[in-house]
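You will see two complexes here that share chain A, one where it goes with chain B and one where it goes with chain C.
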Partner chain A sequence: MQLTIKYFGMLAEATSITEEQLQTEACSVSDLLKKLKNQYPKLNDKDFKVAINQELVNNNYRIDNEVEVALLPPFAGG
Partner chain B sequence: MEKKKPKNVFVQGAISSQFIGESIAKHQTKTSIGAHNIFLGQVRADEIDGKVITAIDYTAYEEMANQKFHEIREATFAKYNLTCMHIYHSLGAVTAGEICLFVFVSSPRRKVVFEALEYVVEAIKADVPVFGKEIFEDQTHQWKQNT
Partner chain C sequence: MEANNRYHRQIILPEIGTSGQEKLTTAKVLVIGAGGLGCPALQYLVAAGIGTIGIVDFDIVETSNLHRQILYGDSSIGENKALAAKNRLEDLNPTIVINAYPEKLTTKNAISLFSEYDIIVDGSDNFSTRYLVNDACVITGKPLVYGAIFKYEGQVSVFNYQNGPSYRCLFPEPPKAGSVPSCSEIGVIGVLPGIIGSLQANEVLKIILELGDVLSGKLLMYDSLSTRFSTFSVNRVDPEISKVLAVQEDFETMDYELLCGIKPVVEILPEHALTIKNALFIDVRETHEQPKIESLHPKYIPINTLQKELNTFDNEQEIIVFCQSGVRSKKAVEIFIEHGFKHVSHIKGGAIALYEQQTLKEV
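Up next, the complex of A and B:
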């Protein structure tokens, strides 16, 4: 299945991209993050949350559908 | 009940005092209102390690942010007896001294607007995916983090 991965703020800076498509088997959020941190080592020292289809999820969340995954650095509104 | 589509809260660049003034004027026809309360977030020229912040460049996960603003709005109306509420947040560069967040709540009575405004602003700071790049005078930057 194909996932859309979005990167924001300092994470877009760390990966040098804002969005990409990724082919993957069903996996947990933590499996996916392992893969992304391997691909973008600069993500390793960053603090962020993960949203699936615009809802925050924890690392145990299982991705078994073609969803939009967003990596969100600390919020700074206002 | 039909689900309302979230409004777009974002405006490009700083929020002008003229825009804020016009927002207030628009409420003169709503005569059940007895109290307004307004929060204005202003970009601070903080000095960090001898360098001064000259602007914040805001970005957001816009779809999710507008959805969160919508949820905050619904929760606030459920909790407080408000006549109306408006939220505007900047995207893009906002210079130190300019306004980047405008929250406006109105009610028949004053006590409720004091509480409601704080509730809305704290929820925005905690729950909405907006990101701020703090630009220094030498064009280097760091990333803002709400505390």
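Up next, the complex of A and C:
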């Protein structure tokens, strides 16, 4: 299945992209994150939350169909 | 009537009317930070006729602020921001009450300050203030209108509103110190905080006027380069809120700069630790772990039971924690600090280093 991954804020800088398509088997959010951190080592020292189809989920959430995954970091600036 | 004329264009909106204007007049809003976000938010809130506005900012106006902090001009450079903002805003609307607090928001003043207002607007620029503001809003039960920016992107949400989620339900713990740069480090275009601060002001007005759907339980992300708004739903996480309420009695003594890693956890060298008197030593290893450091007469409290034992200690006492190598003891110090303990440190290198040091001495 194909996932759309969106990177926000400093995560877009860490990966040098704001969005990509990814082919994957059904997996948990933490499995997906392992994969992404492997591909983009700079994600390892970043804090962020994951949303699936615009809804925040925890790392146990199981991705079993084509969804949009957003990686959301905290911002501090004002 | 002057008031009706001043607010005429919003009063003629049928959803607002004179009764809506009356709600604005009786409302009290506290804005934390009169910078990039605070300036536009304050400008619209004051213009709309919010009856009482508080402004907290200890910082002074600098030339490099002027491209985005639009309440100030050359004549305000060097002045305190809360006072300079009050000065400008009193001209914009002399019919309301504006309280300037030219001081740093701390755990000491936050609760009493927040208690005097109905809604808190977070326009701060660092994580320690953001977590402090969130926790103080949870403790005082005040809605928090949140806004934050990074480069060309912004976030907006309303927390702690009608049993909705808090900031910690979204981001439970502050990120590692230095992992998220600030505007002063990476730059910002002035319009971005203008947009985000205005969105915050709009949420404040919606809450007061009971208009539309308040942005509670949702995180709005705005990307100014692609001109895209995305909204993500955020659920309330009760344990995160209970955690804050559980430590409310210790809130005044908590150190948010320490929690956010701005101040490092204090580390003591083993050779120094062995000479310290009058401190309580705690060994947080499992009971079977060797070598034991009997000379320090430690209390043995394995780290996973530490939480339960916290209330047996005095939070003013000097406490020195150690483990095998210094990893678990650092975690233990963080647990103590989260619960308002002030004089807690740990030993670098743990029992192994202490043991070596003792052996050296004996030789």
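By our rule, the second predicted complex is superposed on the first by the 74 of 78 C-alpha atoms of A that agree within 3 Å, B and C clash if a C-alpha of one lies under 4 Å from a C-alpha of the other, contacts with A are read in each partner's own complex, and residues count from 1 in each chain.
By our rule, contacts are C-beta pairs under 8 Å (C-beta built on N, C-alpha and C of every residue); 3 or more make two chains touch, one makes a residue touch a chain.
Just so it is clear, the model here is predicted, and its values are computed rather than measured.
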{"item": "First, second, both or neither for A:45, with chain B first and chain C second", "value": "second"}
{"item": "Which superposed partner A:61 touches (first chain B, second chain C, both, neither)", "value": "neither"}
{"item": "Per-residue contact with chain A, leading partner among chain C and chain B", "value": "C"}
{"item": "Interface residues of chain A shared between complexes with chain B and chain C", "value": "8-10, 51, 54, 70, 72-78"}
{"item": "Footprint of chain A on chain B - complex, ascending", "value": "41, 58-61, 63-65, 67, 89, 100-101, 121, 124-133, 143-146"}
{"item": "Residue ranges of chain A in contact with chain B within the complex", "value": "6, 8-10, 51, 54, 70, 72-78"}
{"item": "Residues of chain A touching chain C in the complex", "value": "8-10, 18, 45-47, 49, 51, 54-56, 70, 72-78"}
{"item": "Residue ranges of chain C touching chain A (in the complex, touch as defined)", "value": "33, 35-38, 122-127, 130, 147-151, 153-155, 170-171, 173, 175-176, 179-183, 188, 193, 219, 221, 223, 226, 230-235"}
